[in-house]
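Structures follow.
Note that subunit A is present in both complexes that follow, paired respectively with subunit B and with subunit C.
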Partner chain A sequence: MISDKKIQHLSIKISTTFLFLILLIVSIFFVYPFYYVFVLASRERANMFTVPPPFWFGNGIRQNYTSLLQNLPFWRNMFNSTGIAVLATVTTIFFCTMAGFAFAKYKFKGKDFLFNFILATLAIPQLLGIIPFFKMMVWLNWINTWLPLFVPTMANAFGIFLMRQYLEGSIPIDLLDAARIDGMKEFKILLRIVFPLARPAIAVLGISTFIGSWNNFFGALVILRDKNSYTVPVALSSLLGVHNVDFGAIMLGTALALIPLLLIFIFFSKQIIASLLAGSLKGAI
Partner chain B sequence: MEYVGFKNFIYLLKRDDFFWKSLYNTFFLLIAGSLLQHIIALPLAVILNTKINRGKEFFKTAYFLPYITSSVSVAFLFGYFFDRNFGLFNYIFSLLNLPKIMWFSDPATVKPAIAILLNWRWIGWNTILYFAGLQSIPEELIESAKVEGANQYYIFFHIILPLLIPVIFFAVSLSIIFGMQLFDEPLILTGGVRGNPGGVDNAGLTTLIYLYTVGFRWGKFGLGCTISWVLFFIIISITVVFKKILERIQN
Partner chain C sequence: MKKIVGVTLLFLTVFCMNLFAAGKQEEKTYNPNSPVTLTLGGYGDLETAYKAVVESEDFKSKYPNIKLKFVMNDFAAHHDRLTTAIAAGKGAFEIEALEVGYIAKFVAEGGLTNLAKSPFNAKKYINDIVKFAVSNATTKDGKIIAIPVDIAPAVMFYRKSLAEKAGIDLSDVKSWDEYIEKGRKLTTDKDGDGKIDQFALASPEAVWEIPLNGGKGGWFDKNGNALEPKERFIAVLKLVKKIREAGIDADLEAWSQSWLASFKTGLVATHFSGAWWGGALRTWVAPKLKGDWRVAYPPGKALASIGGSYLSIPEQIPYEKKLPAWEVVKYLTTNPKAQLITFKTIDAFPSLTTVFNDPIMDEPVPYFGNQKVRKLYGEIAMKIPENKVSKYDVIARDIWITAVTNVIIGKSSVEDAYDKAKQQIENRIQ
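Our next item is the complex of A and B:
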């Protein structure tokens, strides 16, 4: 005879397995397309559009690579993407930490008003200002340069908010006073005390800025009009509707642009998820 | 440049059929591509939050993966999946003896195809968001309800859901703001900046693609800015109304 307890135990086990299977199937649905990018990147044109569609790697990488370089200055585009993303990350961390520190620890007139004003800009949908933004960049003569893609967002509301929230709780005011008594200048305090202590928040801000910049499309599409100034997403999109461009070449470009992000993500996924969530949920609650 | 008063607003709201079509498309995609998925994401998060020992970290990573990749890259890939002759979707349909779908060659299936990509890209993100929200609910609260004899159904609807309302507000607001500014995916899927705006019969023309077309392909900056203002007021109104509704539910 099987006791009631055993049956109950068994049913819990079955339902757990069932739930596990649901999660597994859904995750295959999410991961499979990434495998497929690499399959297509390795297929030459004749072996790509077939019935059934290809499910395994081909040997067309060399051909796709030649075709990619014939149509785009691809490595130049990768260089642009990397340069803009790195500059955006470094400058955003620097200026948002400074501003966040000031809002967290300094007392000055109009502080609350200024901070609320900055927060209010979070509610304005960014992409809607694209035409005035473009006109300003034309006026500054910044079209086809990297500048419009990192300078205007160096000190942004999200970053300032994040850094202020973090610094407010993590730096004791006594520590700052002690440093001042020892004769430390404010800028030295920033470099020696604030930056090292703010490391976890800096990681959140840095990761989200880098990913956002690397994937930025709309802004880059409007600003970058010359092949040599394109970032990777703009470069790839420029191949659409052009005759005689191998789809394999586009997929190879896509795969190459994915690799840096995938590597970062696979190594730091735990931190990235935790930190991006911390950042956004703090905004929510 | 000359002063035209409200001429652009009047033209846009009264006579611009493209604009109204783009608004319809945007709302269609907002609902099918950004909002309905919350009904899938929340239960998935609940499953992820149950006592499954193995693979939790892997699942979280896998679910998050689509979110970190570039919208242009995934749009290219899905464009291939949706190929009417050789694509993966039609191949699967043929195995199931279902008729071929024309996807981006047929105005009726353009928006559903874009919505499929949007669901793929954002369900995981929303799941992880809800998962984090669920983790912040104290375990004792649920345990004590169980001790008092509450069933799973009661616990979910009367304890978990009310506590999740701030997270739901945040997640849905993000979806609305993102969905109303939809641009990258439909643009790439419907043929890019050189193609017919929004593809066949403008079926994938979102308001932001229209804004881009008016401003940067037709050079009408004034009308483009008018579109921005109208869209801005629509987004703000929806968010405010949504907030009011949730506040009423919470009370």
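Our next item is the complex of A and C:
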């Protein structure tokens, strides 16, 4: 006779196996496009468009790499992308946390109106603002510099909203009062108390900002004016010819540009999950 | 009194000097001794071709003080950037390339220098440029906003070996009906597994532009009515429907991996495109099929241009830079040497008709089994009819493409698709 415990154990095992199987199938759908980019990056253009499509790595990396460097200052473009994304991330985290903290914990005249006004800007399609934005950048003489690609978005509506929502529920007002009684200045409270406690939300904001900046195509396209100042997406797009497209070089460049994003996901996934859990637990308590 | 007369005379003198200076500026011509750096904004591989031109001895000796820089983006991105810069009134480069599909938009919306007026006087230099291409960049009131630098006469590319195996000749197809009939013979199950593995063409979508002269202009009649004459457009919808119903297309999405692969695996036997496609086949799409692809007139000797580039000078460019920019545009578009270098470098077919008589046009091309394809391209280019463009062409074209797709996939009947498209265009332009 099989005991109830064994049956229960067996059913848990079966359901776990089933769950893993489903997860495995679903994850294949998500992982495959990334895998395929790396497969194509390793193949020469002539061996790329085959039937059936290639599933395994080829031996064209060296040739694709040479072609990539012949056509683009690729590592310079990577440096530009990294520099802009890092600056955008650091400044966005700093200013959005500061603004979010003010909206969450301070009382001042017109606070609700100002917050709602900031939120309302989320409803305006970005594309509508591109011409005034471009005109302003020309007027400021910021064309072909990094500044337009991170300064205007340093304090953005999404970041302020995210930080405000998180800080409102996760930092007790008593803790801030205690710090004030101990003689801590407001800016020091922000640096010493708010930033460490807001780490999960900062991770989410940081990652979304970094990825957004890394993938920002149109902004970089209209602002940056030569190959040496291009970011990676704009640089790679310049390789798309009509008569002669070097897909090998483009795919290798795409694969290399994916690596920083994949690394960020791998290293910061814990922080993202922690942030999501913190949100769900807060609701449960 | 003396004081008043003195001040008045002083004002008059200054006023006259200003007038004189302004008049003088308009008269100013390009000064070859003053060094200048210009930037050409373009797309794709135009840089490769124009770089070769500016590095040639002829250009260097003619313009030793002009330095040309390039900023290239992909096709759509380049035009998006240019549209933004034109709308903002700032930030465009001294010379901007335009693809023919976008030309109507800029013809209508302005922002580009009228090259027909003094000091450019483009009409004096463009007599030898193919007429249909010039008319695409000419407004109703005679402004010329860009000069054609390359064109793409539409031809039918076909695989000779596959045609021979099917027992047909595709070098002179008299009508679309004949093409469909021959297409049925090309569509076969080669390995006998019950699945068709060779089709006549990739998709009927590749065909609709040909009977409409490439779809660059011609969307409205003289009175501004959309999609008129009706029979012309109905015939196109009937044609794509017939092709799909005949089962001779592989139903492949253009520029997808399987679409690109189909030209070298033998999945498709024919393709309709501009002459530039020959360069793509030769260099990277199907280089191993050297000697097997051939070129012919489209069925019924239909005349169309699919693709082509123009060079323009944005209005916002300072006057002193417009003059050297015009010299570069003039050189690239009207100098036979420049046109030939562009052709040899990236297979972009010249817009300058005097080049059509160059010995290179008579040379057999090994990739096309030593066929004299360039001569054929030139012959077609000379016959392509002129079509007036309108500022609503982009709208009409987008709506029309949806109508074509709906007919192909069986979502709409020919009449419904036409009526709906016509209605939509008229609603949008009101």
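Just so it is clear, the second predicted complex is superposed on the first by the 225 of 285 C-alpha atoms of A that agree within 3 Å, B and C clash if a C-alpha of one lies under 4 Å from a C-alpha of the other, contacts with A are read in each partner's own complex, and residues count from 1 in each chain.
Convention: a residue touches a chain if its C-beta (ideal position, glycine included) is under 8 Å from a C-beta of that chain, and two chains touch if they have at least 3 such contacts.
Computed from a prediction, not measured in an experiment: that's the story for all the values here.
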Checklist entry - A:Ile130 contacts which: subunit B (first), subunit C (second), both, neither? => result both
Checklist entry - With the two structures laid over each other on chain A, which partner does A:Ser237 touch: subunit B (first), subunit C (second), both, or neither? => result both
Checklist entry - A:Pro53 contacts which: subunit B (first), subunit C (second), both, neither? => result both
Next on the checklist: Is A:Val31 touching anything from subunit B or subunit C once the two structures are fitted on A? First, second, both or neither.
Outcome noted: first
Checklist entry - Taking the superposition as given, does A:Val138 touch the first partner, subunit B, the second, subunit C, both, or neither? => result second
Next on the checklist: Which partner chains sit in contact with A:Val222 here, subunit B, subunit C, both or neither? Use first/second/both/neither.
Outcome noted: both
Next on the checklist: Touch test for A:Phe265: subunit B only (first), subunit C only (second), both, or neither?
Outcome noted: first
Next on the checklist: Contact-wise, after the overlay, does A:Val245 reach subunit B, subunit C, both or neither (first, second, both, neither)?
Outcome noted: second
Next on the checklist: Which chain, subunit B or subunit C, ends up touching more residues of subunit A in the combined arrangement?
Outcome noted: B
Item to check | On subunit A, the residue positions that both subunit B and subunit C contact, one per complex | outcome: 48-51, 53, 130-131, 134-135, 217-218, 221-222, 237-238, 240-241
Item to check | Sites on subunit A touched by subunit C in the complex | outcome: 45-46, 48-51, 53, 130-131, 134-135, 138, 143, 217-218, 221-222, 225-227, 234, 237-246
Checklist entry - What residues of subunit C sit close enough to touch subunit A in their complex? => result 39, 43-45, 48, 69, 71-75, 77, 80-81, 84-85, 87-91, 257-258, 260-262, 264-265, 267, 276, 279-280, 283-285, 287-288, 307, 346-348
Item to check | Residues of subunit A that touch subunit B when the two form their complex | outcome: 16, 19-20, 22-24, 26-27, 29-31, 33-34, 36-37, 40, 48-53, 123-132, 134-135, 211, 214-215, 217-218, 221-222, 232-233, 236-238, 240-241, 247, 250-251, 254, 257-258, 261-262, 265-266, 269-270, 272-273, 277, 280-281, 283-285
Checklist entry - Which of the residues in subunit B come into contact with subunit A in the complex? => result 44, 47-48, 50-52, 54-55, 57-66, 68-74, 76-78, 80-81, 83, 85-88, 91, 120, 124, 128-129, 132-133, 166-167, 169-170, 174, 177, 180-181, 183-184, 187-188, 191-195, 208, 211-212, 215-216, 221, 224-225, 228, 231-232, 235-236, 239
